[in-house]
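Next up, some structures in structure tokens.
After this come two complexes, each holding chain A, first together with chain B and then together with chain C.
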Partner chain A sequence: MRETLRTRLGWLHAWAGFLVGLIATCIFMTGTLSVFDEEMTRWMQPENQVPANAPLTDTALDAAAALIHEQQLRGSSVFLTLPSPRSPTLDVLHYDGQKFVGTLFDPRSGVPITVRATMGGTFFFTFHYTLLAGTTGTRLVDILGIILLVTIVSGVVIHLRALVPDIVMLRLSAARLRGWLDAHLLVGVLFLPFTLMIIYTGTVVNANLILPATPLTHLFAPEKPETPATGPAVTNAAPPPLPALAPLLATARRSLHGREIGFILFSPDRLSLYASDASGPFLTRDHADFSLPDGHLLGTTTTPGPIAHTIQAMHGLHYARFAPLGLRWLYFLSGLCATGIIASGLVLFIMKRRRASGLRIGFRIGEGLTITTVTGLPISILVFLWSNHLLPATMTGRDRLETGLLFGAWILCAGHAALHSTSTSMNTAWRPQLVMIALLGGGLPVLDIVTCPHAVRSLWAIHAGMDGMGVLAAIMALYARRQLRG
Partner chain B sequence: MIFVIICGLWLLAFTCHVRLQPARYRFARLTPPGRCMAIMGRVAAPACALMLAIRPDGMTGILTWFASLSITGLLVALWLALRRRTAA
Partner chain C sequence: MRLTRNRVGGILSACLVSYALAHSMVIASISASAATMQLGQIIALACLPVLIVLCFSSSAGLLSVCMGGGLAVLVELVS
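Then we have the complex of A and B:
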């Protein structure tokens, strides 16, 4: 009876894991990169060389306020993000339907900084939770999260007897399949707390999209087109001039119990100063409101209560915006290992079925898709980074071209894997793609030093981290290639 | 620094765990007093690590505790695998 349960759960774990794992690998890989999304944006905009913790001056605030008022007069809906250690510029932004764009100010002098147009780290963040398919994509990601939780629970039940005794068991000298299984189990068990936490919180933060409080008929109703944020939120009366922002910031900090201010939203009759996401593990939208044009404090809005705190903690844990640098690195490493769990599961699924079904068309497609996911996505991410540094900084539409090149490279990888799916050994597809990762990843530091020497010198930590990740990807790819024999 | 100490405590816990499974990990069997010490170490070391981790900040501490478990466990497993391979 027990064996029957394990067998059935094994079937569920394998098939659900494989089908969901193909997309989950992409979600986890981009989510892991999103841990350093701000840093990636800074790497991809080498013109912005403002050091972390640059002091914010009244001059800069006045310059930003003048631009905001000018934009408001033109009917644009903009907001202001304040400098933080991760993103030290003062940014006047609006949403263009894909990303936040606008003017970056040096917080010390108030001088606008001209930077190249790029999606930056935002691309990975957006891809991670929407698959670039808007609300429908977010719903899909949420459903995949639930299936992934089922897969994990079934995997734990299958492995329950050896879960604790074999917690540090890895047999590299055993047969190749045994070695892969050990690696999958080892990383799966050791990183189980992180994996469960990140999938559960990720599912909960957008749970309202698949389990709405409103009737289900609304859920499947056709989506309304988004209101273009750049479009005029026209009011009849001209917006009043903004008061000096520095005193309001000080008042808001006091009203929000000493928390730093993250961003400011502007409406016709008031402005709202929101607590920074980095100010604590509970990700809130607590804010202080001030009237316009005189700047009197209208009051503070907080969301107390255990339910609100629970959901704030879920958001905080998943987004990790409160995390100091060390903990952020731990999130990143755990994310890499969680990606490795799913990727190794995909490879195991293929390896186990190669002997029995290796010549079937379904198997060939499955292996082609696995290659496209496991090696194709890293290649396209590296192409994205290379194109950012190689395309002219002033080129029109370069941000769209960067994204286009990423998807172009991914399609080429898929085509390459499909082309080799007719050959007897799929190593002929794995090997060139692994070599490509090694070339692009290993060449990243050279490219960075050659194309942006000033930025490498002034922001060496960010550039060393990014380039180091490229080199790490190259080393891992070369190691994997060496292991592919025959 | 605290992170290193927490990792060290996890290392102790994993070492005790491995010594308590001599057949699986190919180690010599412990004497009864040694076994008793290993069981105590396996329980006490993670508890001490947890107390140390959550002292400055609860949520960050718990996240650090779990992450250090994972990373130290991975390093111990790699060391054991290399030891096994060398022995083979």
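Then we have the complex of A and C:
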């Protein structure tokens, strides 16, 4: 066979897309859900029924400050997040090695709110950028991002001549392979700008991990053992009491040009009030520092300059924390379509090779992994949501059990796909898993209404959105199952 | 089989050469300030996928990226 640019890049697009696509689908799916991470946490903690835009009172700030001082005396390192329209509680949090946990206060009364232990939407956010494997996972996600960009560039080159016709070509009634290819190209072309932007800005966020500013020779040099610091002796003096926070908030807002304050960090001699991520499209870490214990303004720290602003804009575009509700939905829809591009690419890869492969073991493993990713992950996410509402709210270790059930369901889906990989038709593996998505997704509103009727009434928009996503997943699964029958 | 072997070899060498060039862009930008280093990373990350595809697409592409890399190293050594 004569090797042309198109065949060579077609091979790269197919194989790079398939091998990376298996994990990229998971990254995109969880990233898409992370657009509504705060709302998901609220859905998963129905005990928290504080309405959006509840006013923040001095009483609540004093109650939070008292708890912070108490925890500082115990040697715990805590921080305070301020209420926002998406997360209206006043939270005193610390990191427990896996997630941020702590006490939630009602911003109106300062009364602590007892909520069920759950990772909530944070789980999807953490999974999205670390694959739950810390820095190694983040580096892997970055590398996958670059390979995805390679796949997109090669895909654009091979379809360059037909880019415009591809936008209007969707022949679902044609041969099944043709229909899948049309759908892949149509969505791929329409959402190309978003997909490029989100992958590129995602890799820029952790650029240091894959393109460190260290000469390559230094990267492979053995690490020197850390020498103990010879600074001044650490004093065990008790931390001073905190000043009233309300006046500091007003001063910080003025110092940061009217931007809202997102969170407060506490150190032994000062406290730092950081601008909220939602205060603009530039995601900054600008902050105002106040001395302790008198609360005197020490100064503000900002990062000026066009390069810093470019980086902040890229971070802001990726995290979309500034985005109002409408734009957030657009992000969600675009994320769903980007996930669909990758998933349809996986299915196309399998369909194209089914006949030629002679159902060899490698092909069967590939199809099993595709099923585990495309249908197994949605099932396990729905199991995670169901377990959140079904496990007793006061049960100890329920957050770990929820995560365990998610992975348990995913492993079961993988096992199911592997079992069916020995049969001649893999539709026997796709169909039951699609039915499972339809059952779990379609049943989500019923479960929500039965288990948390008060929360459904008081926070109907959040619950309608989440339950609607379940129903949407069910409809899509049923449609896909119907197409398999044909 | 031989075609596949060539392609796998091609993509591996394309990745290595492109990464080395992208990394040299970052290293070249360190000297000025932390901000320019970040700018170097932004540009290098944007170029990396294009360089990989360029390297893989033809031997002329691989050669031009190698030459570009060599030039970048020379400029770095001279300046």
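Note that in this section the second predicted complex is superposed on the first by the 459 of 486 C-alpha atoms of A that agree within 3 Å, B and C clash if a C-alpha of one lies under 4 Å from a C-alpha of the other, contacts with A are read in each partner's own complex, and residues count from 1 in each chain.
In this text, contacts are C-beta pairs under 8 Å (C-beta built on N, C-alpha and C of every residue); 3 or more make two chains touch, one makes a residue touch a chain.
Predicted, not measured: the structure shown is a model, and the values here were computed from it.
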Which superposed partner A:Leu249 touches (first chain B, second chain C, both, neither): neither
First, second, both or neither for A:Val187, with chain B first and chain C second: first
Contacts of A:Val204 with chain B and chain C, given as first, second, both or neither: second
Touching partner for A:Leu5 - first (chain B), second (chain C), both, neither: second
Which superposed partner A:Val153 touches (first chain B, second chain C, both, neither): second
Touched partner set for A:Ala308, first chain B, second chain C, both or neither: second
Contacts of A:Gly326 with chain B and chain C, given as first, second, both or neither: first
Residues of chain A contacting chain B in one complex and chain C in the other: none
Chain B residues touching chain A - in the complex, by the definition given at the top: 3, 14, 17-18, 21, 24-25, 59-60, 63-64, 66-67, 69-71, 73-74, 76-78, 80-82, 84-85, 88
Of all residues in chain A, those that touch chain C in their complex: 1, 3, 5, 8-9, 11-12, 16, 146, 149-150, 152-154, 157, 200, 203-204, 207-208, 210-213, 215-216, 305, 307-308, 310-311, 314
Interface residues, chain A side, partner chain B - complex: 165-173, 186-187, 190-191, 193-194, 197, 281, 313, 316-317, 322-324, 326-327, 330-331, 333-334, 337
Touching residues on chain C, where the partner in the complex is chain A: 3, 7, 11, 20, 22-23, 26-27, 29-30, 35-42, 44-46, 48-50, 52-53, 56-58
